[in-house]
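After the structure tokens below, expect a handful of questions from me.
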Amino acid sequence: MDNEILEDSYTVKTPGFEGPFGLLLSLVEARKLFINEISLSKVTEDYIQYMNKLGGLTPTEISNFIIVAATLILIKSKSLLPNLNLTSEEVSDISKLEDRLRLYGVYMKLSENVKNMFGKKIIFAPLERKNETLVFLPDNQITKESMMQFARDSLVRVPKKVFLPEVEIKKVMSIDEMIDKLTERIQSSIKMNFREFAGAAETREEKIVVIVGFLAMLELVRGGILNAIQENNFEDIMIEKQVLIINEDFV
Amino acid sequence: MDLETKIEAILFWKGEPVSVDKLVDLLKVSKDEINSAVVSLTEKLVGRGIVLLAREGELTLGTNPELSDLIEGMQKDELNKDLSRSSLETLSIVLYKNGVSRAEIDYIRGVNSSFILRALSVRGLVEKTVDENDNRRFIYKPTLELLSFMGVTSPKDLPDYGDINISIEAAAKNLAEELKNETGV
Amino acid sequence: MDLETKIEAILFWKGEPVSVDKLVDLLKVSKDEINSAVVSLTEKLVGRGIVLLAREGELTLGTNPELSDLIEGMQKDELNKDLSRSSLETLSIVLYKNGVSRAEIDYIRGVNSSFILRALSVRGLVEKTVDENDNRRFIYKPTLELLSFMGVTSPKDLPDYGDINISIEAAAKNLAEELKNETGV
């Protein structure tokens, strides 16, 4: 049961996913599992491996994946070490992830309808009518000055390229800390519970191998986090694929 | 002339979406009267070459979706029927929620959607409007153009439209909490 | 779908007279069949907002003549209405870009501008011409009447023309590239 790590990873054929939920859902579905803690703990390694292989993502996109990875790590840790104490916040993170994944799944099912229907039976609007009456009807609001102002205003509202928002960096950095602490907790938990591992020496060793493997996995995640943060510590490094910021007041 | 006849004539003459407010103004009747005339006009048009497209507050006439191939064959302009993965995800949420904030879309998708929403808005498939219930926030709604590409005259005609709401309630509760916590950020 | 339904859809969609011969050609039926479908369509439309008009072998749909006062009033109303903020903004882009495609306006404004451009052109403020560099697309220009109304002979005489023109050009180009890959496949 616990040696899932040693099992071959399930492959997700094409990157038919857009974000972290898409990846996670496709991993769960590839194993024909339902969404719950058990299935999520089973796909954690696959998820992290995929995440580290994903290329060409912006730091913001990477951080979206990392945030989900953090919760998966909690789930996995709990499944490896049932007596690991999780904070109430961590417990709620886990149940929220399950709920969100189910919600995402609902919309992905619905998106099949959209995909099947879009552009198939179109309701056409009538063609543009030929100008019946040729008139010139200006408006006193149109002046040289007002037009200049409107043109300038529209330029102000054009989306700007932005860096990864500071909030995102903070979120990702806090996950780095979390992994630190978790590593500590797991290591001390191994020491404390070493004797409590039930069964023959063989099973015990197996368990240790699994946990050590998992700790190595945590290091991998940390690598991804470092990449995301480093790229943002230097202001002159632009996000590779420029992200547009949309001012909610306009558009 | 009854109200539905007048509405039909106005929509035909305009040839583009007309707001219900505008009809109220033009025809000097109440919103409720317009709405019930819309119901009977929709019924009268069953089996006709023309359908009435309606969403909250806006109406327009279009060709019967069953005649899509016929009209498309006559059409010169090329239609863009392609949807990227992120367009598809985002449109599904906007259509089935029929009015949704960007925060909710982000929450469901797990990624930032501002870029794709702008792209879909440029394409005329979604529209950003001020939330009637809370004028400090914006919601995204399907446009009549989107409905016409889907071949339905109202979001309620989408398959599985009625069934989804229950399964979504539980998650929506969590969402409300989540969003409350994040507004401070 | 029966023949009269198809004819109704085609006439509605075209919005201008279509010859019976053309319908024979499009629908692959005989002239007699068209003519009898026209008779039954005319009957169906009795008392509706739309009527079928037939003249010298050509067919077209129009609004019910009994509603002509309503339609005329609406037309007048519309033309005398003050321009909305969105219309004025769109007009300013047409002026400062001096020859702009609808897509470019859409990219800059972040929304689809087709209905607004239509309204501006009905009022004689902008005109749509075929792009000399690419005859599959249209560009919008300010009309001469608009320029003289503003007291300029060319958009170049507008305040800060050079500066704003360059910024708009650049924005349109950048945004077009950004969005190109987003909504499609």
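Going by the order they are written in, the chains are A, B and C; count residues from 1 in each one.
Keep this in mind: a contact is a pair of C-beta atoms (placed from the backbone, for glycine too) under 8 Å apart; a residue touches a chain by one contact, two chains touch by 3 or more.
Bear in mind that the values here come from a model prediction, so they are computed numbers and not experimental data.
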Taking each chain's C-alpha mean as its centre, the one farthest from chain A: C
Closest chain to global C-alpha mean, per-chain Cα centroids: B
Whole-Å separation of chain centres (CA-atom averages), chain A against chain C: 43
Centre-to-centre distance between chain C and chain B (centres being mean Cα positions), rounded to whole Å: 21
Rounded Å distance between chain A and chain B, as computed from the means of their C-alpha atoms: 29
Residues of chain C touching at least two other chains: 12-13, 15, 110-111, 118
Overlap residues in chain A, where contacts from two or more other chains coincide: 124, 126, 128-129, 159, 244, 246, 251
Parts of chain A lying in touch with chain B, wherever the complex brings them together: 16-22, 60-61, 64, 68, 96, 99-100, 102-104, 106-111, 113-115, 117-126, 128-129, 159, 167, 243-246, 248, 251
Partner chain A, residues of chain C touching it in the complex: 12-16, 79-80, 82-83, 88-89, 91-93, 95-96, 108-111, 118, 121-125, 143, 145-146, 149-152, 158-160, 164, 167-168, 171, 175, 178
Residues of chain A touching chain C in the complex: 124, 126-131, 133-139, 141-155, 157-159, 242, 244, 246, 250-251
Parts of chain B lying in touch with chain C, wherever the complex brings them together: 1, 4-13, 15-17, 26, 44, 47-50, 61, 63-64, 66-67, 70-71, 74, 80, 82-84, 86-87, 115-116, 118-124, 127-128, 143, 145
